[in-house]
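Got a structure here, written out as structure tokens. Questions coming.
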Amino acid sequence: MTSVADVSEVNLVDETRVSPVVRRSKVDRAYRAVATLSGSIVFVVMALIGGFLLYRGIDALRISGWGFITESQWAPDMGGAFGIAAVLPYTISIALVALFLAVPISVATALFITEYAPRRLRRFLTATIDLLAAVPSLIYGLWGLFYLQPRLITLSKWLADNLGFIPFFEVNEDFGTSLGVFPSSTFVAGVIVSLMVIPICTSVMREVFGQAPPGEREGAMALGGTRWGVVRDVVLPFGRGGIIGGSMLGLGRALGETIAVTLIISPSFDAKWSIVEQGSNSIAALIALKFSESTETGISALMAAGLALFVITLIVNTAASSVVNRSRSGSATEI
Amino acid sequence: MALTLRRRRNVTEAVADEKIRIRSVESIDVTVMIGSAIASFALSQLLYETFLPLSGALGYVVVWYVLFLAVSWIAVRELRGNVRAKDHLARVVVWSGASMAIVPLILIVLYVVGKGYHALRPQFFAEDQRYVGALSDATEGGGAHAIIGTIQQVGIASLIAVPLGITTAVYLNEVKGRLAKPLRTVVDAMSAVPSIVAGLFIYAAWILALGNQQTGLAGSLALSVLFLPTVTRTAEVVLRLVPGGLREASLALGGTEWRTTSRVVLPTSRSGLVTAVILGVARVIGETAPLILTVGGAFIMNWNPLSGKQDSLPFFVFRLIRFPQESQIARAWTGALVLMILVLVLFVVARAIGGRGPDHIGRFKKWRLQRKGLA
Amino acid sequence: MHELVPGATLGGEILINGVDIYRGAIPVTDVRRRIGMVFQKPNPFPAMTVAENVVSGLKLSGMKVTKSERDDLIESCLSKAGLWNEVKNRLGDPGRALSGGQQQRLCIARSLAVSPQVLLMDEPCSALDPTSTRRIEQTISEISESVTIVIVTHNMQQAQRVSDRCAFFLAAENEPGRIIEEGPTKDIFTNPRDSRTEDYVNGRFG
């Protein structure tokens, strides 16, 4: 059945390097081709997204010119001026408020999961964080609008009353500081968005913290370090890339968040410093709200706004993933 | 032999007698915590009532929390010194930070259930909004048209995105071609495309440029733009967990690359892949923004995703919640409840499947083995 | 298999029945089927049962067999690997359910199923306990009747026990590893030509 092969010829002197020739079968070549093709579809789709938004938005950009960046009003359909000078700062400030709250909580949660929690709780918490990420943003928005907002505005009022000297918390005195001026603000929207960002940041940070070298960890413990000592000297320095990258991924998500922001804010086209006062906006919410009532130029203008959002999130996220990937070790699983 | 056995037993007994229990929480810590809680409660009572102009329960809790941190820190420092006090402070902060992330989830679930269950009846799954006016009762009509729409749209999106995503992941992790590195970056970038932009893209490309109408299919195309990178990324992570030794073993047996992937790598990661897909579905099912632009929305049942406007559950909720009438808002909450239940169920199923190892032999596999005479 | 490791280079030639396998004359899958391989750590396919693992090579390389041929093959390969009596009632269990030594013998049976001419064993016992090692060595001597076995080992007693011919392979710092000396096992151990071989077999280093 099997013949004993002749391998007794062992050449002891031949030192030439050999680059092996790999001959693949037809099936394998087809398999590689199909996989490559489906991979290329991703490139094509991304190019198409940018291309089509530009193609549809270019008319509006021609009309507005540089005004698209400097103009804060949005009236393309009436032949009026339009631009993202108000919408963009609002978008960014909502995202920043969200990050300001989400990053510390995410760091704490990720540390809790990797360092503090008992094993069983750890699995439960990981699942809960994943579940938080799966809850639709619509539900966050609804809950924020009906449950959180009425409770949150007391905090807004407190901030305005006590820290009103800071421009962020300043409220126009004409209205007085009745609770009525606080809903639908950047602050409220930012808090809701932060809830959506937390699971994203946490899962990235948890993953990176979990990869902190066990040797160093045990080393720090063996030197008599407290748990906080281990966290401060080993885990946090190791996980810095994860914290930065996770936060930026969260930023990308926060910038593009649509529905929750649309539900919370009352659209404002005058940029202002105050984050607690009524009236805010975001590019995504602008598109969602204006879409159904827009005619040709209006749609084109929205496409241009969408392109701006697309480019911004693209930059933020590419930067973020490069930071995260650099901090991740490429260890493969051994059997 | 007997002697050694007996001695060994003695040893185990001795160990059992004075079994060492390692505790991370010492009783003194608990005492300090309780003491600090009481002390800070008393202090905050005093401060809150007299000095601070804080309002509402929220302000009160904040004051209490800050005081608690301060009091317990001082207590631990007096008892254990500075290093331990810092450790303690970090522990308390981390614990409370983590609970800040969990509490909203519980509140959200409870709130949606509380708001939505009134109008949740069997008809909600059977009727559409055909005979419902703005002033009808919340218990009239239902969201069947929206549920069917969502199922069809997500189903079509999965049919497009899942095979494509898994093949792309195979390219990234098995074929490892020249494009793998840039492709990974682009997939990351694509997963960051804001959902509204995906809708805008399909509107520009599919509806405006190709002259199609707003249909369920347009919605599923927008959803698959969002679904594809999610599936690819999670599937790639799952494939990466398959030990390289298995691939080598398969190749060493003379297996072709295609058979190695299809017979060894994919079956080994099967449960992980299923979990990835279900979690992806759970995420996509709640997407609202792209559907506003693409499906059009409807109040009556449309079974055909290829023509005519369709509704979807999230869009249904989004529209109705903005009505002024109480009954419409109540319907929206019911829709939200159904949506949340769908997500929860998908999530639990995904976790259950994800917990299985690759050597799990399910009912189907058993049947297949028996048919082939291998069991 | 070597070319799968990034950064690895190789030199020399490997002839099977006079044909160099790295010159691309034979499709790579055929080469790999003709050379069976057993790895350092047992790696049965986790998604397959014991029986499926044995015949997995047929499936992977696209060979078709009838049902009865397949059943015969399962029994004969498992018997050759000395595993049949232990697992004949557990053929439907997942491959991972066996013990480490059994898993390794399952891997040997799996390699034998595609009827290789050469069986390459990369430290097959280094992850196993002494009892399992003895069992595997028995298997090796039984199957060496029909298959050429190339075994890599760090264990010199094992090399002495199981081999007929022996080659000493040494990698120095900043230098590619190469074969220092080759010959009948007896000669290598009792009468080595190279001083480094002598040092090694006498335990002065390594």
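The first chain written gets the first letter, and so on, giving A, B and C; residue counts start at 1 in each chain.
As a working rule, a contact is a pair of C-beta atoms (placed from the backbone, for glycine too) under 8 Å apart; a residue touches a chain by one contact, two chains touch by 3 or more.
Keep in mind it's a predicted model, so treat the numbers as computed, not measured.
Chain contact topology: the protein chains form a complete graph, every chain touching every other one. A count of contacting C-beta pairs for A-C and for B-C identifies B-C as the more extensively joined pair.
Centres computed as Cα averages put chain A at a distance of 16 Å from chain B.
With centres set at the average Cα position, the gap from chain A to chain C is 50 Å. Centre-to-centre separation between chain B and chain C, using Cα means, comes to 45 Å. The set of chain A residues touching two or more other chains comprises 24-25, 335.
Across the assembly, chain B contributes 243, 245-246, 256 as residues in contact with two or more other chains.
Listed for chain C are residues 29, 34, 41, 43, each touching two or more other chains.
By the touch criterion given at the top, residues 24-25, 27-28, 30-32, 34-36, 38-43, 45-46, 48-49, 52-53, 55-56, 104-109, 111-113, 115-117, 125, 127-140, 142-143, 145-147, 151, 154-155, 157-158, 161-162, 195, 198-199, 202, 226-229, 231-232, 249, 252-253, 255-259, 262-263, 284, 287-288, 291-292, 299, 302-303, 306, 309-310, 313-314, 316-318, 321-322, 332-335 of chain A touch chain B in their complex.
Contacts from chain B toward chain A in the complex involve residues 53-56, 58-59, 83-84, 86-87, 89-91, 93-98, 100-102, 104-105, 107-108, 111-112, 115, 163-164, 167-168, 170-172, 174-175, 177, 179-180, 182-183, 185-198, 200-201, 204-205, 208-209, 225, 228-229, 232, 240-246, 256-258, 261, 279, 282-283, 285-289, 292-293, 314, 317-318, 321, 332-333, 336, 339-340, 343-344, 346-347, 351.
The residues of chain C lying in touch with chain B in their complex are 1, 4, 29-30, 32-37, 39, 41, 43, 45-49, 51-52, 56-57, 59-62, 67, 71, 91-92, 94-97, 107, 110-111, 114, 120.
Contact residues of chain A toward chain C in the complex are 1-12, 14-18, 20-25, 335. Within the complex formed with chain C, the chain B residues making contact are 243, 245-246, 248-256, 259-260, 263-264, 267-268, 270, 357-361, 369, 372-375.
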